[in-house]
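Here is the structure we will look at, set down as structure tokens.
Note that the chains are named A, B, C and D in the order they appear, and that numbering of residues resets to 1 at the start of each chain.
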């Protein structure tokens, strides 16, 4: 269904239920939708499962969501960073569960959810502790592990520009998980730096077609997750 | 390895061995690399397996390759068209084998080859004669069929522009199978309407990164598969 | 409409169009269902998908509008609309298979009482089979609708207990639009929403073995 | 070079760089292997991939060059080169997993005589595990090389019969660049191509249980 242009982040994130699985874009700071995450914190939603490459850095964005006790579980590839103290503390205190997934399997499992694939055989992780208990199979002489899709109720994504239909373009390496998360969640909420008229984006360069987008809000001067005060 | 800019189509397709599996881009006429196919015919290569959405239309391109008796097997989704007489005749004469694959499974199997996926569970085709003999599995209440990657020795692709490194952009619905075939073959040969200087294509809009491209040749005014004489 | 006459092909397309919720993303397959586009109102804001890699497909192209790189799934030249986008085949079919389309409308040889669809192959050994995107479309959309004449040329119902033609998909069809009635396929059976030129009793006789549930008064 | 002294970290990076064929697509992981970029010659035409969605990555960015939307896998600001391209994470890892990269260079805690790699987890229960793209890189490239010091701080060989640390990948490493020697892991065993500051006999003693094959004269 058509996307809605929202006036505020509060309007964009309204109605995210307790216990939701929430995909959050970004690879570290680039692409992390800090303003949407802060609006999510303001809703008071709890018991969330967060799917993201990292588990937050500094004191804002995902880090704040964890610090405020809203997250029961994190599915990610790289929680440990020099400034991941919010996650580290919650994890060591047993307040947050961690499902560690190799980064490419994380991306492919999200992509599988978006593409209606029920499972896939990946070579990544075969023979390691991250494949323990999983089905394995040798196909044409290569050993694979069976992995399943990761779906989400909501995706929070940061893009560069949207048109009024919800078509998206991204900027440089801030693209990262945005396009696959936008297409894997039941509801996709996007913050962009600019909303342009429909038809202003070249159809050849649209990265996320509007079909995947539900709410769009413009944040003219977004905070950097590492620097925001 | 870096792509080579070729002066002629003959140079671009040189060395394709008898018995090769050759992916050929296009959905009907748009995206079909007619000039590369004609150069392939000129090499005399035989016993080919062709992977393409269609099995040729009119008398040129894939149709000519089949008419000339170079193709032992076609893997495609839609061989039967109003003007697919070359395929029809060869098929009815028992000269060419057909593996019929639902179009989305064809695309996903090609994509799986490019992505190093050993197999995947798809809902498409479940319970039909095109899934007979294939492994099935119910996952989270949905019935799936296990499908395997389709790899190729060579891909022949038509794009719009290339830079000198081999980065590609496409034009409208002629994009279709080009990007996934380019990334699924051991060797990818591309015809474009224009070769531009490296750096002239916006890095945000490149659809096929140069890593997937081996040979590029410019065909300034390419024939349309339905119209070429 | 509970019409006095069986619907024409154009009227059937109009009924389908009227049923599509505003703002939907829709795939109209190839052939007769593409007529539905003619009856979509601009204020419905429906966005058309074509399997060969485009959202926001416009009407058929004529004259100078024709661009050989811009065709629909039937390989007919089409136009583009503002806000359209292009993508490759794996992405296009991921969009379908992943359940992102709201509505898909397909033709059919037969539909079963439990929503099985047969629309790709006659099953005759002399015919060269061609499946295209039919099986992907059948299972991919949130709602798969069929648009077909109710009867074959020799008067047999194409709504059947079990398909005799080779299947395209299992249990995938939820609505069937025909010249004599609009059917809703639901877990408890086949409901008749509207009839055209026949009454419910006539219709039940026409479809024979499939037990219908009358909702025409609703 | 069969050097008189063990190599410095910079010299090790230089040996790796010299070994990369012209025109290769290369991923240098994070940390020490990224130093290899400093020793690639412009005429080598090597194109760098970074897992977070870019081909044609340039050197680290400084001052006004810094763009917060343009970082490498270590989240350090970098620059772009002419002909670079951006893509999303599924495409980036498909590029890796699909075997499209010619060379990948990683650090390691341990490498086994059959090419098993351990580089992601100490195995200590008190450590928070983080894997990132390590397992994908290990299995994805046409050639996976390791760049590491040969010995641990307490003098144990990191080239081992069997890894005691948790594995990153099985049988994936084919070259190991260290300060004392360059090793080639082949089906028939571990070959020594060059030694630095030690002779073959010294080296065999340093690595202990792993039986080495001398190819330094070749």
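Basically, a residue touches a chain if its C-beta (ideal position, glycine included) is under 8 Å from a C-beta of that chain, and two chains touch if they have at least 3 such contacts.
The structure presented is a predicted model; accordingly, all values stated were derived computationally and were not measured.
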| item | value |
| --- | --- |
| Most remote chain, CA-based centroid, reference being chain D | C |
| Pair joined by the larger number of C-beta contacts - B-C, B-D | B-C |
| Averaged-CA centre spacing for the pair chain B and chain A, given as whole angstrom | 33 |
| Averaged-CA centre spacing for the pair chain D and chain C, given as whole angstrom | 55 |
| Where chain B and chain C are represented by their mean Cα positions, the distance between them in whole Å | 29 |
| Centre-of-Cα separation between chain D and chain B, whole angstrom | 35 |
| Multi-partner residues of chain A (each touching 2 or more other chains) | 108, 111, 115-117, 122-123, 170-172, 203-204 |
| Of all residues in chain D, the ones touching two or more other chains | 80, 86-87, 90, 93-94, 96-97, 140 |
| Arrangement of touching chains [line / ring / star / complete / other] | other |
| Pairs of chains, among all present, that meet the touch criterion | A-B, A-C, A-D, B-C, B-D |
| Chain C partner contacts - residues on chain A that touch it in the complex | 1-2, 111, 113-117, 163-165, 167, 183, 198-199, 201, 203-204, 206, 209-212 |
| Touch list for chain C against partner chain A, complex | 21-25, 45, 47, 49, 55-56, 80, 82-87, 90, 93-102, 140 |
| Chain C - residues contacting chain B, complex | 50-54, 67-71, 75, 80, 86-90, 92-94, 96-97, 116, 121, 127-136, 139-140, 166-170 |
| Contact set on chain B toward chain A in their complex | 108, 112, 115-123, 137, 139-140, 142, 144, 148, 169-172, 202-205 |
| Contact set on chain A toward chain D in their complex | 27-31, 53, 77-81, 87-88, 91-92, 98, 100-105, 107-108, 110-111, 122-130, 143, 170-180, 207, 224 |
